[in-house]
Structures are given as structure tokens and as C-alpha cells.
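See the structures that follow.
Two complexes come next, and they have one chain in common, subunit A, joined by subunit B in the first and subunit C in the second.
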Partner chain A sequence: MEELFNPQVFFYFLGLPVTKTVVSTWIVMAFLVILSWFITRRMNPVPTRLQNIVELFVEAIINLIEGMSPGNGRKFLPLVGSLALFIGTASIAHLVPGLKAPTSDFNTAFALALVVFFAVPFYGIAMRGVRGYFREYVSPSPILLPFHIISEITRTFSLALRLFGNILGEEIIIGIFFLLSPLFVPIPMMLFSVFTGVIQAYIFTILTVVYISAAVEVHEG
Partner chain B sequence: MQGEILFLCVTVFTAGFSIAFGVVFPALGQGRACAQALESIARQPEATGPISRTLFVGLAMLESLAIYVLVVSLILLFANPLFRYVFK
Partner chain C sequence: MIRVDRSIVLQVVNFVALVFLLFRFLFKPVVKALDRRSQLIKGELQKIAEEKETLEKMKQSLLEEKKNLKEEYVRTIDQARLEAAKIKEEIVREAFEEGEKIRKEYEKRAKKEVEKLFSTMKEEMVNVAEEVIKKFLQSQITPEIQTQIIANMFEEAMKQLEAVMEVGHGQRND
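Up next, the complex of A and B:
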């Protein structure tokens, strides 16, 4: 159980400790890059089986964005799609023996939430201009300015904590089941953790889309 | 020694108690949200898509309250900053 809470340092790189989380993140990244390269190596107008699955995923993300912010599906696809793919893969990485789910480390979860934190003003300013975006902060009255700023910060923390808490909680439950009886008993819980990981990726993605589409939405008056 | 043991007891008790109480109310809220969404879907099955999307966002918001409690009790149990002062 101890290894769930204390960072395990693998080796030192230029004096910086490289923990199990970082190594797991590298493995997840390598897996995704190699898989993407393998699938898009020979793209066919008539998709093969793997290409079909990926096309389905891309179309689902585009439809998700189009449902909330019509006309912007292609524009937000790179960010939202990568977040969904990475979190979905990273959250079930602890099923591979020897790996730790990178998102069960608060640093990874907070880094992902920071990406969203900076992407919201980026898209907002890119699509509505500096004045148009910052007018949102003082509408309907300048008294609400501190509350807008506080809500930006707290929702970043809640994004990070939600992802981190869910995935870490799942890992702890599997760890406890392993302590009680290591054979067969943890398997239902591990299957359930696949469900939890995918749901958390979906929720992170959908909240990202909600925040970004709220920032790029043009209000009248 | 007496004080340290009391500190440990109170910490463990608080962690367990906060999970027990902190999970009740988000669970009630999530139950209500689910029930309402099911009712709306039953009444208007063609609106399943938007309803379930909104339901997921709402559930995530409620879920995060329970997750805050989990994080607090994990901190109490495994990363308590006060341990340093009690156990020199």
C-alpha cells in the first residue's frame, strides 16, 4: 500500500528524480504514438478494422463538440481529442503489471487541468478578441469580477481533484483487494476500474468542452 | 505517549467519520438527479442525448464533493502535516 502514496524514484536525471509516474506516462505516450503511427500509416478510403475504430472515436469527439458549440468541432478537436485519448489510456494503465496510472498522481491531474485553464482564455481571445473575452468578466456588473476569477481557479482545482481522487480511489480499492486475497477476487474490481477510468475521461472531456464553448460563445448585449 | 495515542485515535476516527458523513449527501443528490433524468427520458425518449449529457456533467459536479471528502481523509491518514509536531 505504501507505494500508492509515496513517490517511487526510479533514477535521477541531471539531479531530477524520475518517479514511477513519469516512467508510466512515457510508456502510455509511446503506446499512443506507436498505435497512432501504425493505424495512420496506410490510410484507406475504405477503412480497415482499426482505422474504423479510430474514425469512430474522432467522429464521436467532433459530434460532442458540435453539440455544445456548433461549427467549432474541427477547431477544438486536437486539444479535446488528445485529452480524451490520453486520460482514457492513462486511467486504465494500472491494469498493466508494473505500471501506475499516471492520473492517480496529483501532479499529472493538475497539469492536465492547467492545460484546460490556459486553453479557455486562449480560445476565448482567439475567437472573440481581447475586449470581447474580458468583457465577460465584468458582466453584468464589475462587482462580479472577483467571483469570476475565483470560479476560474476553483473549477481548475475541482477538475484536477476529481480525476485524481477517482483514479486513486480505484487503485486503493484494488490494492486492498489484493491484500485480502490476491487470486481472482480483484478481477471484478479491475474490470470496474476500466469503466471508472473511461467515465472519468469522458467527464474531463465534456467539462473541457463546456468551459471552452462557454468562453467562445458570443453573447448579445 | 498518552497524547500521541489520543491524536492517532482522533485522526482515524475523523477520517472514517468524514467519509461516512461526507458521502451521504452527494449520494442523495446523485440519486435525485438520476431519478429525475430517468423520469424525463421516460417521458421524452427522443431527448435522451442532451439529458444524459447534462446528467453526466451534473453527476460529475456532485461527485467532486465526495471526492473532496476522500482527499481530505486520505490526507489525514497518509500525509497528515501535523504528524511531524506530535511524533518528534
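Up next, the complex of A and C:
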């Protein structure tokens, strides 16, 4: 159980601890990048089965963004699509023996939330300008400025904790089932964890889209 | 216990790197492929629309041509009918004229025949009269007999005249 909260440190890189989570993240990243390269190395006008799946995924993400922020589907696609893919894959990585779900480590969940935290003003400023973006913090009244800042910070923590808690909870339950009956009982739970992973990826993605859309949206008056 | 350590920096860097890598190897090619397909479909649709327009124009032109041909056909038929009527009229008129000419010719011929017969009759009558006078002079004929002979001869001459007249009338009717 201690391993779940304090992952094993393999080595230090530039003074930064390379934990089991980081190594698992690299493996997940390598898997995603190699798979992406493999699928997209030859894009056919008539798509193959794998290409179809990838196109379906990309179109779904674009449509999700367009639904909330029309005209920005392709601008937010790299970040939002990467979040969805990474969280979805990372959340089920623990099903592979020897791997740890990177999202069950608070450092990963918080890192992702931090990326979103910085991406929101990045897109907001890029699309509305510094003044336009920060005006939202003092509207309708400057008194609301601290509340806006608190809201930004708390939602970042909420994003991180929601993801971390759900995936960790899943891992803990599967671990307990393994301890009680290691043969067949954990299997349904492991299958359920796939579903949970996809749901968490969807929630994290959709919240990110909501936050970014709100930041780039121009409010009248 | 939840603990945030310096590995968070690595995770942020990892994720940012993943965003760039996925953009390079996944999103960019897929979006490009989607755009290309979309362009292809748009091009095909445009081509189809153009072909449809061309076909529509062709159809209109063919319909116009068909209409013109129909009008031409009706006009030709009407003209042909008019010409046929004219020719028919001409033929009838010519036939009538020919008939009239033939009739006149026969009438003329019949008239000549009648005149010829009349002159023959006259000669015959003169001959008969000469015969009668001769016979009268040769034998003594009583006035009753003489009258009887003259009446008989006159009756005979009249019959011959009627026969000639009938022949002339029949020829004129033909």
C-alpha cells in the first residue's frame, strides 16, 4: 500500500526523482507515440480499420470542442486530444503487469491539472489579448478578483484530486481483491477499471474544454 | 499520504513533450488526411454538380430540339397536306378540263354525224321522191294511193330521222 502513495525511485535525473510513475509514464508515452506513428505513417484516402478508429477519435474530440467553443476545434485539439488519450491509456496501464497507472500518482494528476491551469490563460490571452482576458477577473466588480483567483486554484486541485482519487481507489480495490482471492474475483473489477479510466479521461477532457472555452469566450457588455 | 515531490516537474515536461509528439505523429497527419478527404469529397461533389448542370443543360437543349422537331414535323405535314390538296385540285381541274374537251370533241363529232345523216336523208328523200314521181308517172296512180304512198314514205323518213336523232343524243350523253 505504501508503494501506491510513495512510488519507488529508480534514479535521479538533473536532481529530479525518476520514480516508477515516471517510468510508467514514459512507457505509456512511447506506446502512444509508436502506435500513432504506426497508424499514421501511411494515411489512405480510403481508411483502414485502425485509421478509421483514430479518425473517429480525432473527429469526436474536435466535435466536443466545437460544441462548446465553435471554431476552435483544431486549435485546442493537440492539448485536449493528448489529455484524453494519455489519461485514458495511463488509467488502465496498471492492468499490464509491472506497470503502475501514472494517474494514480498525485504528481501526475497534479501535473496534468497544472498544464490545464496554465493552458487556460495561454489560450485566453492568445485569443482575447492580455487586457481582454484579465478583464474577466474584475468583472462584474473588482471585489470578485480574489474569488476568481481562488476559483482558478481550487478547480485545478479539484481536477487533480478527482482523477487521482478515482484511479487510486480503483487500484486499491483491485489490490484488495487480489489479496483476498487472487484468481478470478479481480477480473470483473479490472474490466470495470477500463470503464472507469475512460470515464475519468472523458471527465477531465470535458472539464478542460469547458475551462478553456470559458477563457476564450468573449462576454458581451 | 498524498505527497507532491519534484517528479511533478518531470511529469509536466513529459506531458508537454507528449502533446508535441502526438501533434506531430497523430493529430497533424489525421487532420491533414481529414482535410484532404474533405477536399476530395468537396471536389467530387462540385464535379457532380457541374456534370449535373451540364446534363441539365443538355436535357434542356434536347427538349428544345425535340420541340423544334415536333413543330417542324407539324409544319411539314401541314405543308404536305396543303400541297397534296393543291395537287389534287390541279389533277381534278385538269381531269375536268380534259373531260370537257373530250365531251366538246364528241359533241362536235356527233353534230357532224347528224349533219351528215341529215344530208344523206335529204338525198335519200330526194331519191325516194324521184322514185315516187317516176312510179307515179309510170303508172296511173289514184290520188288516194298517191297520198298513201307519200304518207308511208314520209313516215319511214320520220322513223329514220328519229333513229338518227337518238344515236346523236346517245353519243352526246357518253
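In this text, the second predicted complex is superposed on the first by the 213 of 221 C-alpha atoms of A that agree within 3 Å, B and C clash if a C-alpha of one lies under 4 Å from a C-alpha of the other, contacts with A are read in each partner's own complex, and residues count from 1 in each chain.
Here is the rule we use: a residue touches a chain if its C-beta (ideal position, glycine included) is under 8 Å from a C-beta of that chain, and two chains touch if they have at least 3 such contacts.
Since the structure is predicted, the reported quantities are computational estimates derived from the model, not experimental observations.
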| said: Contacts for A:Gly67 in the overlay, against subunit B (first) and subunit C (second): which applies, first, second, both or neither? | reply: first
| said: Output check: A:Gly169 vs subunit B and subunit C. Expected answer is one of first, second, both, neither. What do you get? | reply: first
| query | Once the shared chain is lined up, is A:Leu179 touching subunit B (first), subunit C (second), both, or neither of them? | reply | neither
| request: Kindly classify A:Glu59 by the partners it touches after superposition: subunit B alone (first), subunit C alone (second), both, or neither? | output: second
| task | Would you check which partner chain A:Ser158 touches, where first means subunit B only, second means subunit C only, and both and neither mean what they say? | result | first
| message | With both complexes superposed on chain A, which partner does A:Ala214 reach: first (subunit B), second (subunit C), both or neither? | response | neither
| request: With the two complexes superposed on chain A, say which partner A:Ile206 touches: subunit B (first), subunit C (second), both, or neither. | output: first
| said: Counting residues of subunit A touched by each partner, does subunit B or subunit C come out ahead? | reply: C
| query | Both subunit B and subunit C touch subunit A; at which residues? | reply | 5, 164
| field | Residues of subunit B touching subunit A in the complex | value | 49-50, 53, 56-57, 60-61, 63-64, 67-68, 70-71, 74, 78-79
| task | Flag every residue of subunit A that touches subunit B in the complex, lowest number first. | result | 5, 67, 158, 161-162, 164-166, 168-169, 202-203, 206-207, 210
| said: List the residues on subunit C that touch subunit A in their complex, please. | reply: 1-12, 14-23, 25-27, 29-34, 36-37, 40
| field | For the subunit A and subunit C complex, residues of the former touching the latter | value | 5-6, 13, 15-19, 21-22, 25-26, 29, 32-33, 36-37, 39-40, 43, 45, 47, 51, 54-55, 58-59, 74, 77-79, 81-82, 85-86, 102, 106-108, 110-112, 114-115, 164
